[in-house]
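Take a look at this one; I'll ask things after.
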Amino acid sequence: MSQRPDMAVKVGGVELANPVLAASGTFGYGREYSPYLEPGALGGLVTKGVSLRPREGNPPPRIVETACGMLNAIGLANVGLEEFLKNKLPWLAEQPGAVVVNLYGESIEEFAELAKALGAAKGVDALELNVSCPNVKEGGMAFGCHPGAVGQVTAAAVAEAGDTPVWVKLTPNVTDLAPMAEAAAQAGARAVSLINTLMGMAIDARTRRPVLANVVGGLSGPAIKPVGLRMVWQVARAMKARHPEVDVVGLGGIMSGIDAAEYLIAGAGAVQVGTASFTEPGAAGRIAGELAEFCAQQGVARAGELTGSLHT
Amino acid sequence: MSASLKAKVLGNRPVGPQVHLMTLAAPAIAAKARPGQFVMLRVSPGPEPLLARPFSIHGVEGESLLVLYQVVGKGTGLLKEVAQGQELTMWGPLGRGFELGGDDPLLVAGGMGIAPLAFAAESLEQKGASFRAMFGIGSREAFTAWDAVSGDGDCYLEHWDWAAASEDGSLGREGLVTALLAEALDRRTGPVLACGPLPMLKAVARLCDEHGVPCQVSLEAPMACGVGACLGCAIPAKAGGYLRACQEGPVMDAALVDWGRI
Amino acid sequence: MSQRPDMAVKVGGVELANPVLAASGTFGYGREYSPYLEPGALGGLVTKGVSLRPREGNPPPRIVETACGMLNAIGLANVGLEEFLKNKLPWLAEQPGAVVVNLYGESIEEFAELAKALGAAKGVDALELNVSCPNVKEGGMAFGCHPGAVGQVTAAAVAEAGDTPVWVKLTPNVTDLAPMAEAAAQAGARAVSLINTLMGMAIDARTRRPVLANVVGGLSGPAIKPVGLRMVWQVARAMKARHPEVDVVGLGGIMSGIDAAEYLIAGAGAVQVGTASFTEPGAAGRIAGELAEFCAQQGVARAGELTGSLHT
Amino acid sequence: MSASLKAKVLGNRPVGPQVHLMTLAAPAIAAKARPGQFVMLRVSPGPEPLLARPFSIHGVEGESLLVLYQVVGKGTGLLKEVAQGQELTMWGPLGRGFELGGDDPLLVAGGMGIAPLAFAAESLEQKGASFRAMFGIGSREAFTAWDAVSGDGDCYLEHWDWAAASEDGSLGREGLVTALLAEALDRRTGPVLACGPLPMLKAVARLCDEHGVPCQVSLEAPMACGVGACLGCAIPAKAGGYLRACQEGPVMDAALVDWGRI
């Protein structure tokens, strides 16, 4: 067999021991999954989205299973900035692996305030701006669907985040992602993460009611992998041409090391594992291992070689 | 500490027309399991159905775990086809179990609510603690594996020394288990531990509240992760906001729950 | 049991014996499936998209399976208008069930020319304009992603189609479908059909090549049902408010009568069954039967009662 | 006329480490099946995997159909686990089979290409037609169900009276079946009927072309519908454009195929 591949990558301004992160909203604040993963198994994790004030989230039901996928309408429930800094971050900061804090504001000012507080906090390796959450009417959708808004939010966060790199998480519910990525890049984002969930809906035919209290929710899981791969490929090509300094972080339906490799080949510098963790709490660690095995089998010396290596 | 493992199915047999008993080899989970806790069990190795299903721990036998389940949909429909020797992904034990410390507790099970409460009763017995227990079902037949036995069948619950009520009178008293409970409460009792369908739990919580008796209920909610991360399993809290069924529950003090918003 | 429900509906200007049609591109020109369906089992069918001249389509591979779905990049291969009129339509015209001809032009003029010829042809009950095919670069995508273009194409077809009703098939690959539906409605469309496929991609990690020769393809099947339901619900609400005379035809991942009922409840007047036919050639007929059974069980006297009956 | 039905699995046994033989009850299909035709078979009742898999008809025994398949991926991996008595959705017979009318045809099978050609040979035998047949495999072991027998195992193909070539020399001549074919062509032969991996078919087509011998090949392509509707199974045509493997094929005159674009 070939030598152990070098899995370390540098993506979006962050050194990662391997290209596999856990995705926002599917891994809590990390500690929930600590019984199930070896320390250091992951390149890092992205926290549940943090907002300025605590949020209760939507009434239940909040989740429903669909064909090879699930819908969620959590409503961005989270403990809020203060509690996060006090009780969640300290534990995270002590763990191996990068800590990327996903954050969410209802206005540009809120994004800026969050970026300032979190950028200054010890143990935060990068910020990921959620401009794409489809569940909350007053902001998410609007920001992520207009290049102008993406640019403004990004610029405001970058200005306040100090040295902490800013990533922007894009929504797939748009006609063309490239202008959003371009706006983020121009405003100083170090990486764009995609995709967030596709907006969907489930109906109970017998009661003639929506299954989710919120009516619509975000579709995730293996069902959406083809859409995620296509968007990563398109955005990565655009970034390579115009902003080679901006990385793409790919996600959507990754269930195996081969899935992760596909995203890297499509152009991602790193990947995130979301819904897979619900099918097996150690999934993200297993996937990181499978990716290393894939590299070894294929004679890939450095994981980074895979990035953007698609022959078309 | 909880564990995730591939559990070998040691047995999977009907104990009623739609109720099955599965035995799984899961030493790391069995060693920690407490009554009222649950496991997440995937019914298929592939991506469909995608999510694991939550099941109460029905009992522990050495290094194996018992799961008593009712076939209600796609996942449980597949589960009942699982053959001995197959391996299923499972993690647990999860959540907050029953507090068994109270004086002379009263266990109240409705339908499949028997699953966790049987485990609770066994624990109390092992501790030598005094307690009372009652269950209600629709009909005796629900727990009679007609096809697994010859003759008129054994009821899975019959040899238990529990007060029983059944809606059709085929087992114990005719009527609902809440009628038995109301009588017990009138005579005074220890804390109530209840699991069963939501309408029953609502009634139990109200009765206990009226009688000033502490009450723990085991609640259900759709779950994705089972470990407190996804926030999918929200239960409306009396204090406002939500509690996670998988973390602050599934067993909760009935007084913490906002029964009006549930 | 209750009485046999009345399954007949009138949708998009066409009387249908029941609300279940076979979807374009998945049912050929109808005859391919005749061994597998009882005559009259379906409300009707939508033909493979017809263009002015015959088209060879894309090089293979053209299809690939994905989680609970498939990608296709057929490239609108079809026999062309002349051959369709001569050798496909006559057989179709003799069958029970409505004949909706899906058509595709590379310019507004081509759409008009096709609408004229097909609108005048005997046996054509409606036209369905494919402004949404994601596979062909020179037209499809562009039309369906701009309300102005949707309006122009629709107006041109309506002007030439005579009495034959015009339906417009919308692409889901847009930020907001409502303006597209609005444009079609204002231009005289009698129905909008949605959704067409989501644009996606599959990669072979070992060869580092796209699986499809066309690189990207359209995602269909149960994986996309949540997206289709959400879009039908959104568009149906918009149409009800502003154009109650315009119907919605719902599709995307319908595999069972219950799925069909969900689409009707979300606001569709009729549904189409696509990929399901690949899992069982008699699927569309089975689904029509299951839908009738569902109505009977639920005490629904007329299938039309389901349309838009969602309680939110 | 083709039919779609739920076919009961009557048998499903290994005839080699990765090769299995399935028998399915399918009277309506068996009655019409001709050599070279295929069926579409769904390996699961649920939506995953979604598409049916195409398999050549390996033979007909009364009202049942034989399918000889190799485990190569997800679908065939599930297929080999299917238990006797289960029902699978299947439709067929589909496509254009071999034209068996030629004088003294020569059957050339490579690997799993044996599946349709065995059926062709059987038909020719039944008709009392003279023909010759040859097959090539990697190694004898591929068709030896080591686990199903004791001792050194029976080769599924050994009792057939066909000329054989194997890459490791474990059965018949050492080498490729195309070497056998080249010799036969040098000595003159009837039309060639071939099925096997693409590189083999290319070589066969070229050899036949060089010798001016008519050649029918059975080709594979990813398929969704199997009935000519989806246009997914395109085979590049010499005349330009594409042929549908499921309709104009799977058996095609080798001269119609654009081997350069395939």
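In order of appearance the chains are A, B, C and D, and numbering begins at 1 in each one.
In this section, a contact is a pair of C-beta atoms (placed from the backbone, for glycine too) under 8 Å apart; a residue touches a chain by one contact, two chains touch by 3 or more.
Since we're looking at a predicted model, the values are computed, not measured.
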**OP:** Return the chains common to the contact lists of chain A and chain D.
**Re:** B, C
Original post:
Taking contacts as defined above, which has more of them, C-D or B-C?
Top reply: C-D
Original post:
If you average the CA atoms of chain A and of chain B, how far apart do the two points sit, in angstrom?
Top reply: 36
Original post:
Taking each chain's centre as its mean C-alpha position, how far apart are chain B and chain C in Å?
Top reply: 47
Subject >> Distance from the mean Cα position of chain D to that of chain B, given in whole angstrom >> reply: 53
Original post:
In chain D, what residues contact two or more other chains?
Top reply: 47-48
Original post:
So which stretches of chain C touch two or more other chains?
Top reply: 67-69, 221-222
**OP:** Name the graph shape formed by the protein chains and their touching pairs; answer line, ring, star, complete or other.
**Re:** complete
Subject >> List of chain B residues in touch with chain C within their complex >> reply: 47-48
Subject >> chain D-facing residues of chain C, complex >> reply: 25-28, 32-33, 35-36, 48, 56-65, 67-70, 72, 74, 77, 221-222, 255, 275, 277-282
**OP:** Sort out for me which residues of chain A touch chain C in the complex.
**Re:** 66-69, 71, 145, 173-175, 198-203, 205-210, 215-216, 219, 221-227, 229-230, 233, 253, 258, 261-262, 265-266, 294, 298, 309-312
Original post:
Any idea which chain B residues touch chain A in the complex?
Top reply: 1-4, 42, 47-52, 89, 91, 221-236, 240-242, 261
**OP:** Spell out the part of chain A that touches chain D in their complex, as residue ranges.
**Re:** 67-68
